[in-house]
Amino acid sequence: MTHGLNILSINGISISFGGLKALSDVNVHVMKNTVHGIIGPNGAGKSTLFNVITGLTKPDSGDIFLEGTKLPHIKPHQLVPLGISRTFQNIRLFKEMTVLDNVLIGQHVHTPTPIISILLNGRKSNEYEKISREKAIEALEFMGIEDKMNDIVKNLAYGQQRLVEFARALAAQPKIILLDEPAAGMNPTEKVNLLSIIGKLRDKGYTLILIEHDMKLVMNICDNISVLDHGKIIAQGQPEVVRKNPDFISAYLGKGENLNARNKRN
Amino acid sequence: MFMRNKSRISALIVVITIGLVLSMTGCSGGNTPSSEKVLTIGVVGPESGGSAQLGQGQHNAIQLAVDEINEQKLAGEWKLVAVFEDDEGNPTKSSSATNKLIQESKANIIIAAINSSATLADMVVTERAGIPQITPGSTGASITEQGNEWIFRTAANDSFQADALVKHAKEELGITKIATFTSADDYGQSGANLLKAAAEKYGLELVANPTYNNGDKDFKPQLMSIKDGGAEGVFLWGLYTEAALISNQVQQLGLDVQLFGASGMAAQKLIELGGDAAQGLILTQTFLPDADIPEVQEFVQKYTEKYDMDPIPHGAQAYDTVYIIANAVKNTDSSNPEELRDALRNTEGLNLVTGSPKFDEKGNDIGKRLLITEIRGDKFELIKAIEAK
Amino acid sequence: MIRYILNGLPIGAIYALVALSYSFIYAASGVLNWSQGDMVMLGAYIGFTVYQILNLGFVPAFFISMLAVAIVGIGIQRFILRPLRKSNAPAINVTIATLGASIIIRNLALMIWGPDAQLFPFPVSNKPISMGSLSITPQDILIVLIGILLMIIFQYFLKKSKEGKALRAVAQDRYAAVLMGIDTEQSDRSAFGLSAAIGAVAGILIAPIFFVTFNMGAGIGLKGFVSAVVGGLGSVPGSIAGGFFIGIVESVAGGKISSGYRDAITYTLLILVLWLRPTGLFLKKRKQKV
Amino acid sequence: MNKNKKIYLLIILVLLLTLPLFVSNLYYLHIINLVGIYTLVTIGLNILSGYTGQTSMGQAGFFAVGTYVTSLMMMNFDLPFFLALLIGVILTSIFGLIISIPAMKLSGPYLVLATVGFGEIVRLVLLNWTPVTKGAAGLTGIPFPEIFGLQIKTEKQFYYFIIIFVILGIYIAGRIAKSKIGRTFSAIREDDLAAEAMGVNVAGYKTAAFVISAMFAGLAGGLFGTFSGVTSPDSFTFDDSISFLCMSVIGGNKTIIGAVVGAFVLTVLSEALRVFQGTRLIIYGFILIFTVIYMPNGLVGIIENLKSKILMKKENKSME
């Protein structure tokens, strides 16, 4: 296994829906300041695992440790203050709002809500608002879309919407960012851009966990990979190690056709 | 192209809206004074909504009376003009309508409304403006208990009715156990109280007193509880639709009870809708189209001639109300509201469709004739007419 | 107690039909038609006109009314829902527009048929048959029977016919149905037409016991909606069960607890059901997909 | 721009304050006063339905609680108006808090029906709890408010009295809408799950929206009772809830000013249509349908569209 500081540990997570095992005894260790890929064919349990991490689904057994402390079962909105933010597989932005407002929601937990000051148009609320704006614009600049700041999100191209979602996750000032198929629907140029953004984020000290179908992208960018199949981890480690794993080859690449079909649909 | 079309339509709507708003302002001229003496009567009633049948009946009868009075110059030199507004039975809309009639149409006197809650709301407006108001339809007890000197009521006197009904049940039919089954509105609630008081007065046992909401369709649950109480007579206090349904369901449940009712449900429709089941229902009313009374016959004849349908009791009361107003304006020869009010209070010597009106100090018409009737065949048969003392 | 339950059945059958019409539109088109109660009223009035005024007999009245009201339903789809879908208006706009339609239909009925209640008797006896303390009329039995028969026909139609299958496909997943080449416009139309016709039947069935008035739709429509939601909006068996359930609850609450608070009890129950089992009493819980 | 805005605001304010000088017809003033009261209800509804996306068809229920509590406090306990109003608003907010508990889990038709149920329950309790609410007849002789010994009594006095609350209400709602709170409300409307994932306490904010809308309706109710002098359950029917919702949507429910426009247009419209007598409700229905079809974002949306169109034209011209 790789060295470094363990930031997120998933220990023995099992969960079943109506008798069907979705995850069984899943162990994943994510190192700080790395890009960790979770791959697997459709229905392997990747999304379930994400939902468990983000508190949307409660596991039947197993624990999650964040920087060595056990995560209690929390509500989804309590996750951001702990330092985990996410993007969604099928972009979930606030479509009728401006790009800036979307990213400002990412800032939500980091400034207080001084009700009295808001009602009186007081200095405090204006100051907080200013700080939030600065942070949000910073995130937009990082993504290179600060010029779209005042556009309504639904008018943006798909690839740009992904970036807005990314910026929103970034504005939450997380330690870990969960990316759910970030490259889905992107054209090759946008993918290259995405790769460089992910790389830059890692360089800045963020930890990223991503679910992705684009094998090339995963192999290119990830430091570590966990392969899920039928709710179980079948291979784990650095890309070059995993690539040679026989289980991985039979379970995953054997179904290459399906994989391609899916990529096309997206 | 589509876009342009769309914005054109929306522009059109905006224009219409603005036009409507302006037209409202434009109407404000009102009646310009002419050599003729004109008394404007503002009428508020529910011409749509749940009690539309009462509001429309009132509208027709008032128009009939106004036309007659003007034709035959029964109001002296005064010409009557009636302006009608719909309140949908909603108190807020009713008070807006009353405001409009007073401010815009310059009404000298207001006839309003049918629903008690609307009448109460209108009274606030007429009292503030100092304009006399007559309600021909609202029977709620609280209306004349406000200490409001501008309100008059030409509707049937409910306590008189409750008393007469309970007395009749005891003395003529020998009933000892009764139940009340009343609508949960102001009319029904005050009816229930009056019946209870009457029952105590005559020593009858009240075994059940359920209520229903207007618009209800299924009354069997309440009727079953009445059956369990062993009532011999059931007193209904509400409108005819519900009364007809109740009598139907009494029959369906095989309940062996005598049904009683009050003037609120007195309408030919009750007999039609109630059919078999309504036979034998005893009710008091102020107006009976078949009654062998010349004033009644004349009214019914004129009304059916003009509208091709039978008048409703509310209509008869509203019709009389206009005659009372005509009499008052003729006597004072003034449209000054205070003089009109005093003239109304001194109404006497009129022989109208529903009796010889006379107001007590609270504004109640205590001169109404009361008819105890029973449904036999397709009409109400008069059992007894009680003239007011 | 049994008396009260028995008494709730005929009304329950009517509620079930109205609930069905709500559910059906909701499932097939994803919107709610707030003028559904007025379809009940229109059905009753048209039936009344054909049967009592034109004297064409009860069975023709039944079918003419269904057809005429179905056309009104399709008209609502054509002139209200379609333009709203085209302009991508929010769901609330459909609500307001159908409420507007309800106001129009109700007041047109007031103009056409007048404010008085009309009598529309069934050609069967209204005399009770007694069994001990229980009694029921042949009319009530007929109402329940016709209601149940119609529900069975309806269910059969959905399961077996081509149209019905298409409707079910759209109800399952509108987007996927479009991909499969199903004309959702057509399914909207069928849903509105059929629901209106079901409403018309409810109107005719309820007319003999409740009379026909221009504003009868308001109460029945709302109760039908409540029944649909309590039973499981979008599900045929759920709506039917919901209808009978609310019918019985009202009967028992009105007789045993308080007649004045009867509707308040129904609504409290509704809120409790929504709170504890948002998908309805008689439907399995569904998981929200993330 | 900012300076311009301030000047406009000042002009509007002066116009509002001098309005009774131009409008001598008390009927118009009466309607305008009603518009003011309805505006407050609609503002609350816009925050709840327009911003947070929780459609309520039971707003008349909150309005009723505010009316009855405030009026009863004045009548039974001889409390001064402002204290009574405060209690009315607080109690109404508590109702908002309670109804938000089941409402939180609901959306779409389920939420709509739950709020309908709430409104009807309130009305039925008012109708049947006779010892306190006086049943169907309702409350009569609700006292006038008094400020510093001056009794607010005439339509004109009520105009100034109500307008203060309306301006205050618009200001407060505007602050909320423009702030972080308003932004968060909108985010919940757009996608509550994503908002939750970004750390927003969605349940808390939904409750807050309910409480705020209840507060506005309660405040309006308190004014409505003393303004009308009488009140009864007939003023708080399902139809009234619908009409509040129509005001909100027709005006434009995603802005605060939309509430003012909606309350004004629909109240004035339903009075203006009186000209048409029997067909007025039919016309009203048609106007509702046309508006929601051709102005999906309400009247304010149309104004905004026109504005951007004019701006575009100007730009095009300068390009040439």
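Worth pointing out:
Here the chain labels run A, B, C and D in written order, and each chain numbers its own residues starting at 1.
FYI, a contact is a pair of C-beta atoms (placed from the backbone, for glycine too) under 8 Å apart; a residue touches a chain by one contact, two chains touch by 3 or more.
These numbers were taken from a predicted model, which means no experiment stands behind them.
Counting only chains that touch, the fewest steps needed to get from chain B to chain D is 1. The chain closest to the protein's centre is D, with centres computed as averages of CA atoms. Across the two candidate interfaces, A-D and C-D, the one carrying more C-beta contacts is C-D. Among the other chains, B has the CA centre that is most remote from the centre of chain A.
With centres defined as mean CA coordinates, chain D is found 41 Å away from chain A. Annotation: 47 Å between the Cα-based centres of chain A and chain C.
Averaging C-alpha coordinates per chain places the centre of chain C 32 Å away from that of chain D. Centroids of chain B and chain C (each the mean of its C-alpha atoms) stand 34 Å apart.
In chain D, the residues that touch at least two other chains are 124, 127-128, 193, 278, 281, 287, 294.
Counting partner chains per residue, chain B has residues 6, 48, 184, 211, 213 touching two or more of them.
Touching of two or more other chains is recorded for residues 88 of chain A. Taken together, the chain D residues at the contact with chain B in this complex read 25-28, 30-31, 34, 124, 127-128, 130, 134-138, 140-141, 154, 228-235, 237, 239-240, 265, 268-275, 277-278, 280-281, 287, 290-291, 294-295, 299, 302, 305.
Residue ranges of chain C in contact with chain D, taken from their complex: 26, 32, 80, 83-84, 87-97, 99-104, 106-108, 111, 218, 222, 225-226, 229, 233, 258, 260-261, 263-264, 267-268, 270-272, 274-275, 278, 290. Considering their complex, residues 6, 48-50, 52-53, 55-56, 184, 210-213, 215-218, 220-222, 224-225, 240-241, 244-245, 248, 251-254, 269, 272-273, 275-277 of chain B touch chain C. For chain A in complex with chain D, the residues that touch the partner chain are 54, 75-81, 85-86, 88, 92-97, 101-102, 104-106, 108-109, 111, 113, 115, 118-121, 125, 128-129, 132, 168-169, 172. Within the complex, the chain C residues that touch chain B are 3-4, 7, 11, 87, 107, 110, 114-117, 119, 121, 126-128, 130, 135, 137, 140, 206, 209-211, 213-215, 218-220, 250-256, 259-260, 262-263.
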